[in-house]
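Next come two complexes built around chain A: one with chain B, the other with chain C.
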Partner chain A sequence: MKALCNREGLLNAFAMVTGVAPTRSPKPILQNVKFVVDGEDGSTLLATDLEVGIRHRVLGVQVEEPGAVILPTLKVGSILRTSTDDELSIETVDDQILIRGRHSEFKLPSDNPEHFPEVPDFAAVSYHVVSATDLRRLIRRTSFATDPESTRYALGGCLIEFTPESLTMVGTDGRRLARMIAPADIENPDAAPSPTGSPVVPVKALKILERNINDDDPPVHIAIQSDKNVLVRTENAVIYSRLVEGRFPRYQDVFPTHVENKVSVEVGPLRMAVEQASIVTSEESRGVDFNFSEGVLRLASQAADVGSSHVDLPIGYEGKPVEITFDPRYLTDALKTLDDASTVHIELIDSKNAAVFKTDDRYTYVVMPLTRER
Partner chain B sequence: MIEYETAVGHLDADCFYVSAERVRDAFLRDKPVGVLGNQGACVIAKSYEMKAAGVATGVPIWEALVKCPDGIYVKRDFRWYEVLSRAMLELMRVVSPQVEYYSIDEFFFQASVPRGGSFQKLAESIRDLIWERVKVPVTVGIARTRTLAKLISDAAKPFGALAVLDREAETKLLADRPVTEITGIAGRRAKRLAVWNIATCLDLARADRRLVRSLLTASGETLWWELNGDPAQPIHTQRPAHKALSRGGSFGETTDDPTVLHAWLVRNLERLIEELEYHAVLAGRLTVWVSYKNGQVGVGQTSLTVPSDRFDMLLDAARPCLRNAWVPRVAATRMHLIAEHLTPRAEAPLGLFDRPDPRLETLARVKRAVNARHGRFVLRSAATLPLASIYKDVANGYDICDVRGKICF
Partner chain C sequence: MGIIKQLSASVINQIAAGEVVERPASVVKELLENALDAGATRVELSVERGGKDLVRVADDGRGIDADDLPLAFSPHATSKLSNADDLFRIATLGFRGEALAAIAEISKVRCQTRPRDAVEGCEVAIEAGQISEIRPCGCPPGTVIEVRNLFFNTPVRRGFLKADGTEAGHVAEAFSRVALARPGVQFTYRSGGKVLHELPAASGLKERIAVFFGPEVAESLVWVEGRQGPIHVHGYVAHPSQSRSSTKGQFLFIGGRFVRDRSLSHALGEAYRGLLMVGRQPLAFLNLEIPPEEVDVNVHPTKVEVRFRDSQPIYSLMLATIRKTFLSSDLHARLQAPPPAAERAGQRGSAATQQPPSPRATNMPALEGSMIDDDPFHLGGAPADRQTVSSWFQPSITPDHAPTSPPIPTYLERMPQPDSNTTSRAPAHSAPRAAPMPSFLEPAAPGWSHRLPPAAATPHFDEFAAAPPPRPDSAAPTSKTSSTSLFIPPTQPDELHVEQRPGSDRDLEPPPRALQLHDSYLVAETSDGMMVIDQHALHERILYEELRLRTARGGVESQRLLVPSTVDLPAADAAAVIEQRDALASLGIEIEPFGGDTIAVMSLPAMLQGAAPEALLRDLAEHLRDQPLPPTRDALLAELLHMVACKAAVKAGQKLGPAEIEALLARRHLVNDAHHCPHGRPTALVFSKAELEKQFGRI
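Then we have the complex of A and B:
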């Protein structure tokens, strides 16, 4: 294998795939990245931890001799970052990698590329198409609400639901739930059966996917394979992931069937007020009391040895007074993902039932309150 | 108005478990006595007479019997030790406005005397008071800081009383004691200090503060201030809230039987729930830790969808943890069940999917009430049946960790 690589092109691709390679693994070859150079099909970087895999296109590679090489992640990453060359030559010589710039040369040991596990490519004929902007937003607004440690339910990722016109993503940790619906098209609907069951994509795969797409990228293709894997094709990468095993809870039941009180609030001021109110909380006393009354939302907190506070936020509330206690982190987690200038519609019943936060772009966030026995 | 001078005192009971046994059985006085723990497998405390015969703390009973065949070996009884411990604590609370219940046999306290008074006399009076009222021999040290007070009481054992506030005497004491006598400095930390020729407490006190911080981090710097007479560790009159609660320990007899391991899991869980209930907190995360005879360690961890102290919820969470921690066909020696992410019961998050089940809440209340009235573990899970002999032995009915309110284990 021998190729002349544009350093920036290789560095960009390298940065995208190294997040997948585990830092420690019983199979040491997985701690590396595989570089496949091919003049006809294009050159690709591959990484996998056997749960999640990525194939990323590398731009600016002049192939002199096609082939593959295993690149040690840390060493090659450092070489690419510290080099000042525009181009670097990479070749394999007697089981070693030779990386050469104009004034530098590195010889590194290398594994046999044939020992690197196969990373599946996107071969689906039927798949869903969603805009890159929407997919980024879906991930950002739902993945924070998950719980990778849960064993009772499959909460270590986001549930994906497809319809012919939309894609829904749901994340929950059992105490709060985030759901967003975005428009999506289906390509060749008759070519493959629709996915059954509840595909839950692990958070790690979602984070890698989020990093690999930009808002102005072309639409992204998503396919569920055999109800076990998900494959996503972006402009420059194919990301593969096994789905989270286990049962996702029946999330549809958590949305209250009736609403007693409603109010619309601008996101920015609400987020600031919640952050302020959470200053005077502690591990032993995390709750912030949200008192909704006519024209004002008062957030009050009190923690032994820390102090007490109240923050007033003028709002257009006209319903009956409602007092409800939240863990403020649950609210800021969601509010941080929204545009400060946008409006959130809050729906309340009482201090014991879930509160619902909705936006105009089909985002719904359900939070259970804390008990109030203080 | 009387002006007072204050210092820090440390009271340490002399071979406490043995002394406690002697309080209720005078026959044991002046004889070599060993107290057995871990289902009678090893010596967890010994009298000075037994120490002189070469028996160290932690040795198996069969080794102790060789070294001290005439010794009298008794099973531990933490309920009794706690009675005496609390009696000492109450006396200390009369003597001092600030007392820290550091461990079952150690207290730190604020020592005060009228200006010009004698701290030495105060130390002696406290020692004598405890002996007179509780009949447990103790040693009392008084100094400018906690670390110094503890070093002094260690130096004055047994049945000693010593106040060292004079700088010269303090320097001499520090020079005479190896740095490993300071609580918190042993093994690796001592080796790191040895490279810089820091061998005694005085070497550490005289070392550059920044060097000490770089070698031993902020906790080491705290010790440096303390050794130099500047109090950096307050007296905690109340135990700070627990970050984690844990129950478990050695099995005594090793086992590779999954049914017995499960029984231990359930026993530890029932004990952990008692603790969660006492502290009015709910567990948000559960870890099962198992160690094996071949040196392996297995760990399983999970978070709970909703923090809980309910038996069924926690057992559902703990079972897969045990599966992860289990090494088949290898004898396990000990298990710990650890609850973390503790949430006060008074402001627990409600669950979206698992709503409180009134029937199971009632069941938990009934179990609590029956055991409170008729005795601990009278009503317990049938899964613990393989451990019938453990429950039968009253020495296993109460453990050192069941003595609440202590700062230290």
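Then we have the complex of A and C:
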């Protein structure tokens, strides 16, 4: 194989795929990326850890001799970053890779590209279409609530649910739950297999997907393949991921069926107040008491050896006083993903029951309170 | 009709034999106990082929009258009991009157006996319960019982016996239990014609332990004693560096009887909590003195099981006694450095039998006074230093086992010192302050405790001690290590627990210079050497203690779960956690029964971020199930804190900056028990400066 590559174009693609390649693997070839050059179909960079895979288009490649090559991730990454050339020539000579710039030349050992595992391509005829902006927001607002360390694997990813008009994404770690719904279309609905099971996409794949889309990108295509895999096509890449096995909790049961107290608060000031109140907490005493009373929300915290604090926030609350304790990190996690100028609607029952935070753009966040033995 | 029959006496006895006599070792136990009940001061046990062919016990006890002899071998006949009320005041080991009859039913027994005041003895032979004529015979005062061909008429049981070696092992165990219970009685044990143990009556419990468990264990023993009302616990427990994988090394004696009791064994385990690695069991040799009416030994024919009228005070006394002793002790693992090759052979040779520190501790004051002060090279200190390294054990308590007059350590013989013989062999008398010691020959346990120099005379400081208080007998550097106080020596019982250890707790400041090795270990300079610290273990311990302090002050926060998490547990575990529902709730774990053996977890402690409800509940259930007594809230909390501390502590392989190292070492003194991480691994190893100097040939 031989090609003359635009360094910028290759570096961009490289940066996108290297996140997928594992740094350590029992299968060492996975620590590399595969570069396929082809004059007709375009050139792609491939990386996979067998769970998640990515095929990323590389722009600005002049193919002299089509073929494939295995690039060692670290070495080639460094070469691309440090080089000042606009174009680099990459070719295989015997068993080696020869990378040449104007004033530099690198010879690297290489594996046989045949040994690199196949990375599935997007082949679905029927798929869901969602706007790039919405998908990014869905990921940002739900993936933080997952628990990738959990022994219940299903909590290590986000549940995705399609209707003909919408896409719902849900993430939970068993203590809080985030759900967001965005509009989505369906392409070729007749050819679509009827969905079964509950597809849960691992957080790693979601993070990579989030990095690969920009807000002004064209809509993204999503296809669930035989309840095992998910394939996502963005403007420049195809991302493949195995779905997480295991049963996702019945999240619908989590939402309280009734509300006793409601209040709407502006996100920015609330986030600031929670962050302030959480200064005086510790690992063992992390709770912040939220005292809702007429016209004011008082956040009070107290931790042995750390001190105590209270922060008052004027709010338009008119219900009966409610005192409820939260782990403030659970709140800031979610508030950070919201627009500071937007409004969040808080729905409360009492100190023992879940609190619900809703936004106008169909985002719902449920948090279980802390209780403290006094 | 005619289906139900009255069994013959012989069959009844054979059935009874099944309960009492399981294997030759059971015969050994019964016969030895009979000998002791007969007031013997000398007991000889001989066995052939692990006791299958012959068990012979000879004693010098009070013997049996010729008239009583036939009765001795008939069931439910005994001299030790006359009415039912006596059952609750049992002072003898046996009392049921079953053993001899049962044994005689299933073997060939010959008994020769002569009361002390009788002119001649008499002899009787019994085969499968058939008693022979009683013939006069000549024999020394006392009783000799020979049991041959055990189970010869019950071939099935004989078939169940294991190999000779295995049976011999059981016999040895039975023998050791009796011998440890009665250090005041002379025991001889022969197996296959060879004398395996010859235990003079003069020796104390510690010497007996050394015989059965080796000198290393004997050196590591810590004297504990506690008293509450009529209950009195005393004996030895081993330093945590000595442990076993089973509870076989735990000897609990009540009224000279070896017993097993789950709750007391658990008290022992609790006392060692955090000091032993998971799965290891402590060694202990404890005597429990308790009024006979408070304990029922008549639970099972073998009387290994007992019932206490009220076990709670005994449990807490035992736990408190041992724990107090440990808290006032310095339990640092000491490093066993290999001796220089040239000396190795000699030292090994003597190490097996010697108790190295024994000559020293008492003679050191004399030694130092006479020679070290004017010996700039500390020649006299050399052997002393070896001891501190070759054993974590504190020489300050060593006079305790001096009485056995150990072989002279080879290095002492080589010492350029005219009176090395005296100093090494007659320690007690060479030390002026030890002069008023009573005779060590006194067999009773409290007797030997007086052999120790008074606690006040024993300097207490450890390797972190900045400088020893100026004191004539500890001026030399050697005495500094030697006096490292492992524990309170068995002086007067009332002095035992009041003494405070001025150890590392405050002597550590300012933090010593330290350096990190392999991103895992810290090497710190100490006032008399160096210390290698496992950073993870130490940090874990520190965090654990800090957590404990903090949670003791405030409540435990509980994070509720969105959806109750269901956990399937084995029935016993499920029952155990449900029973402790309230205690768990106070720790932030709310559970509900969920039908069958399924438990629904409603909330978890907030500090256990990301803990899986299932794993947590399983761990706790296991913990709860293994407790013979309902655990306290504190014990459960400790369990949780261990989990938190382990997660949060710096890991091995984590690089620490100088400031972090300093901070870690500076917080070391905050920890009540810094010697071990919560899992019981040692946190630090100690090298003494003297040992380094010796290894480099400087001294």
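Criterion: the second predicted complex is superposed on the first by the 372 of 374 C-alpha atoms of A that agree within 3 Å, B and C clash if a C-alpha of one lies under 4 Å from a C-alpha of the other, contacts with A are read in each partner's own complex, and residues count from 1 in each chain.
Note that a contact is a pair of C-beta atoms (placed from the backbone, for glycine too) under 8 Å apart; a residue touches a chain by one contact, two chains touch by 3 or more.
Since this is a predicted model, take the numbers as computed values, not measurements.
Asker: In the superposed model on chain A, is it clash or fit for chain B and chain C?
Answerer: Taken together on chain A, chain C would clash with chain B, as the superposition shows.
Asker: Scan A:284 for contacts with chain B and chain C and give back first, second, both or neither.
Answerer: Touch partners of A:284: chain B and chain C.
Asker: Thinking of the overlay built on chain A, is A:362 touched by chain B (first), by chain C (second), by both, or by neither?
Answerer: neither
Asker: For A:173 in the superposed arrangement: first (chain B), second (chain C), both or neither?
Answerer: So A:173 meets both chain B and chain C here.
Asker: Please indicate which partner A:153 is in contact with in the superposed arrangement: first for chain B, second for chain C, both, or neither.
Answerer: Only chain B is touched by A:153; chain C is not.
Asker: Taking the superposition as given, does A:370 touch the first partner, chain B, the second, chain C, both, or neither?
Answerer: both
Asker: Across the two complexes, what residues of chain A are contacted by chain B and by chain C?
Answerer: In chain A, residues 147, 149-152, 172-177, 249-250, 254, 283-287, 325, 327, 352, 354, 366, 368-374 are touched by chain B and also by chain C.
Asker: Give every residue of chain C touching chain A within the complex, in rising order.
Answerer: Touching chain A from chain C are residues 547, 550-551, 553-563, 565, 586-588, 603, 606-607, 609-610, 612-615, 648.
Asker: Going by the contact rule at the top, pick out the chain A residues touching chain C in the complex.
Answerer: Answer in residue numbers: 147, 149-152, 172-177, 249-250, 253-254, 282-287, 303-305, 325, 327, 352, 354, 366, 368-374.
Asker: Which residues of chain A touch chain B once you look at their complex with the stated criterion?
Answerer: Listed in rising order, the residues of chain A that touch chain B are 147, 149-153, 155, 172-177, 249-251, 254, 283-287, 325, 327, 352, 354, 366, 368-374.
Asker: Which of the residues in chain B end up touching chain A in this complex?
Answerer: Against chain A, the touching part of chain B is residues 241, 243, 285, 301-306, 316-317, 320-321, 343-354.
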